[in-house]
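Order of writing sets the labels: A, B, C and D. Residues in every chain begin at 1.
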Amino acid sequence: MSILSLTSVSKSFGALTVTDGASFDVPQGQALGIIGPNGAGKSTLFNLITGNLRADAGSIHFEGRDVTKVSAMERCLTGIGRSFQIPQPFEKLTVYENLLVAATHGRNMSEAMVRDDCADVLERTELIRRANTPAGQLSLLERKRLELARAMATQPKLLLLDEIAGGLTEGECQALIATIKDIHAQGVTIIWIEHVLHALNSVVERLLVLDFGKVIGLGDPDEIMASREVREIYLGIDV
Amino acid sequence: MIWVDTIIQGILLGGLYALFAAGLSLVFGIMRLVNLAHGDLIVMGTYLILLLVTLLGLPPFLAAAVAMPVMFCLGWALQKFLLNRTLGDDILPPLLVTFGLSIALQNALLETFSADSQRLPTSALTTASVQAGPISLGVMPLLTFASAVLVIIALNQLFYRTELGRAFRATSDDATTASLMGIKPANIFAIATGIALIIVTIAALYLGLRANFDPNIGPARLIYAFEAVIIGGLGSLWGTLLGGIIIGVAQTIGAAVNPEWQILAGHIAFLLVLLVRPRGLFPRAND
Amino acid sequence: MALLQTRDLIAHYGDFQALFGVDIELAENETIAIIGANGAGKTTLMRSIAGVLNNAAEAVMFDGTAIGTRPADEIMAQGVAMVPEGRRLFPSLSVEENLLIGTYGRKTIGHWTLETVYDLFPILRERRNSPGTALSGGQQQMVAIGRGLMSNPRVLLCDEISLGLAPVVIKDIYKAVPAIKAAGASLIVVEQDIAQAMAVADRVYCMMEGRVTLSGTPDSLSRDAIHDAYFGAGH
Amino acid sequence: MAYSVTTQTPASRIASIAGLILIVALIALPFFAGRGTIQDMFFILTMLVLAQFWNLLAGYGGLVSIGQQAFVGMGAYALFGVVILWGLDPVPSILLAGVAALIIAVPTAFFAFRLNGAYFAIGTWVIAEVVRLLVAQWKTLGGGTGTSLPRSATKDMWFVDLIQDGLGVRSAAARDILAYWLALVLALATIGGIYWLLRTRRGLALAAVRDNMEAAKSVGVDAARMKWIVFLTSAFGTGVAGGLIYMQKARISPDAAFSVTDWTAYVIFIVVIGGIGTIEGPIIGVLVFFALQSLLADFGSWYLMTLGVLAILIMLVAPRGLWGLFSERTGIQLFPIRRTLRGGKLSETKE
């Protein structure tokens, strides 16, 4: 059964169409990667799925329910969690408090009930030693981890990751991949936008290629990457 | 017939409110700044004109012409040295600084000119009226309205026909990119506030000629101006004129029913528009 | 001597450090390309040179003067113009007005005028009175480049000018580069499209994580070296 | 070892002990202070309450209102209304004052929330004007000229007899003492209530929305509901304070009860000077404000001019106010809300 399904979803900003009739399904428990050149509309697609943007046309179903017109806040409560491409921490709150906001509101529970869960997420994302540091003081890697941790704190069924590995060193990237694999192994469905292909390919089972807001390829990662068309569009070079 | 007269008086009154509002609208349009001292600046303009009239013996219209460059410089300096420093993502600093300015200005006027109400000297012109069929129209209200229309035409010409207007629009769209094109947003903002204070001077002239004034009436002028701007839709100058007219007509109709209801009727008209069209009658697309 | 140079350029956004000591050089009449993945610091580098971000004075040298602390409008007046990422046309200005903004408040003497820009991109002459936002992406990019040229700059900074454009359109836009060089400007081109960068540039810098990881002439750089510098080793 | 959370700091522990001593002293004040001091303290405490609620709105909720006089005036008029028309005792009527303010806060929010930022500010001001003009039409309460509380009502107020006998003071002084004690209760409840709110998950949500609205929505924070909660809470508290202030004054008029200077401008200055966005700020601010007023009150408009200029300077030079300056230097917070995680892996090594 598919946990998420998009049917002919479109979005324009003025004359510019950034999502152009996107239709695809994500089966429960799968990890789907999304690639495409800059400006292809990847982040817009995410914002449409999470409700930070409202689609102009088409419909989005989550667990069989039509959520096309549902707010971002409610979509979070139904089980859609996300990270932002440019980390958006609550800078004046500590790392622990960042998670606490997400856990108490995203799951509608009291602080005492979620305390240990938050600590657990902090341990798994290797942020525990920074628990009491204001998020504004974190390094890039830590901010990326916090994005992941905060999304995890809402205990999502579907987790959307937006370029979470970008700008990290190889070692940092490997550690992050391990964390994401671990989350995936627990049955969380993942959709992941990433430029760092090797990171993406070590996790996802399916790959979706976006260009000019259109889905131009969807399938097995190796086959997709092997297709000449995709290589040309994505990298702009014949490799 | 009395109703037609009431409505026409209201439309002409709307001209005055549009004059109050045009400066506020200009400044907001370019730098998204709401100047809470706007009403007090109008009152200050009126006192400046009064001062020129009494000290130099100038007729009010000439005094206003002399006051304009002074007010321009004041606006320029105010923006350059004070208000520019408050602009940013946080809305608190500009609000609180202009609110502090409003209180300080009001009390400076009180200290200097006392709380007694004053009036600019009237002449034959200011009390004259013309007969249009069965309706008698004051020359002063007609002049006020004509001035409002002229100010709005002039602003539109400035915006769409001059290099400065181009820079205004570009800075309003995107100040960072404008600076990449060699425009200094800080200077553009200072000039805009200077121009707003020229319009304030025109509004001040008619405010002083039309009725008595004292240092405390600024905030009410700010509120009328604000209502006209919101009704018209943020950033639309012709909308601002229409907004002024709606407030003016509502007030004269309210006053015709019961003199105590004049101000209230204007506010209620504003709330009704807000209820039906939260973004005003002519909203700009990209706000 | 280099026309434009950065020396140990460091940039922060709040607590977050985006550039860690970047050194690049641009000679008179040269074109250099900066390549790198998202978040590598390319746009930050451009914004630092153009004066949107403040740096140490000596960190950016132009024509022998330290300009690192100058505001954007002064740097522009000195002769460094920028075509910003995402084109950033002024939505309330027409095409022609957008171009004229490049000459605000000064008389510029040089090759580029409304006429010569229209000759470079003839389609803009037809659409001169349309609002900038009504144009296609490629046409908007032409306006953005034209707007930068109108000040007759000595250095033109082009940030991701092929972003979101179809390959055919990108080719069209890059056709203008020889004319721009012929009129006497030096170019810094930020590109994600590696092939395009290689084709147009005299020299290439590759950035990763706020540092230059590779530089040289296009011929001297192997595909593998670029890949490693671009994505990090291991792919 | 399991994890635990604390918000206490050494400074806050000392502060809470000092606070308890201060509260006892304040309760006992009428036993040894003169009537003038009691009246001054009443003024300080009621202004503090207004300042705390405006700070909750603007400092924590990001809702800059210039229309707080609507709630002061409405609360005050409601109190006069139920005392004069229904014959209720003024003391319990203070709570009805809050309810009345709450009732007009609902339509106010409905209109004002349609406006953003600065326009929200003026919008609340317009609505306050509308309420003032409507109340001025209420002829039974004196219309535009206002009215007084009937002597019978003020004389027989709850507790006045007790205080009169217990402290051996005259009826007028006993009423002042009663008003003072009520103001003290209100101020403590306000500070305690706001501190409690900030320490709940709603308080976290407020901070999150202030930092990053989009991200807050994406983790399930209902930003719209937070706005309503803050606005209505602040209206209720401001209305209660308004009722209490005019119970003590015993005379009301629309111009005084809906004065933008008295009930909003002063309050804004108090918060800005003391430090916006902290509980300590309004406390410091009201003390500075009272000191300035005592020094400069004879100079009339010079006093207000000074306040206006001072607020501008603070906003430009030290936007976090006097407490902010102190707190940044020393790191001291008397009302800490930061949750510190302890135990577990954090206790393995000292940080």
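Keep this in mind: a residue touches a chain if its C-beta (ideal position, glycine included) is under 8 Å from a C-beta of that chain, and two chains touch if they have at least 3 such contacts.
Keep in mind that what you see is a predicted model, and the values were worked out from it rather than measured.
Asks: Select the chain at the greatest separation from subunit D, using centres from the mean of Cα atoms.
Replies: So the chain farthest away from subunit D turns out to be C.
Asks: Please tell me the distance, in whole Å, between the geometric centres of subunit A and subunit C computed from their C-alpha atoms.
Replies: Going by mean C-alpha positions, subunit A sits 31 Å from subunit C.
Asks: Which whole number of Å gives the spacing of the CA centres of subunit A and subunit D?
Replies: Each chain's C-alpha centroid was found; their separation is 43 Å.
Asks: Touch graph across the chains, line, ring, star, complete or other?
Replies: Topology of the interface graph: a ring, with each chain touching two neighbours.
Asks: What pairs of chains are touching here?
Replies: A-C, A-D, B-C, B-D
Asks: Can you check the complex and tell me which residues of subunit B touch subunit D?
Replies: Listed in rising order, the residues are 33-34, 36, 82, 85-86, 91-97, 99-108, 110-111, 219, 222-223, 226-227, 230, 260, 263-264, 267-268, 270-271, 274-275, 278.
Asks: If we count contacts the way the header does, which residues on subunit D are in touch with subunit A in the complex?
Replies: Result: residues 2-5, 200-201, 204-205, 207-208, 210-212, 214-223, 338-341, 344-346, 351 of subunit D touch subunit A.
Asks: Would you mind writing out the residues of subunit C in touch with subunit A in their complex?
Replies: Touch residues, subunit C against subunit A: 14-16, 37-40, 133-137, 160, 163-164, 166-167, 192-196, 209, 223, 231-235.
Asks: Residue numbers of subunit A touching subunit D in their complex, please.
Replies: Where subunit A meets subunit D, its residues are 50, 52, 71-73, 76-77, 81-82, 84, 88-94, 96-98, 100-102, 104-108, 110-111, 115-116, 119, 122-123, 128-129, 131-132, 150-151, 153-154.
Asks: For subunit B, which residues are in contact with subunit C within the complex?
Replies: Touching subunit C from subunit B are residues 163, 166-167, 169-170, 172-174, 176-184, 286.
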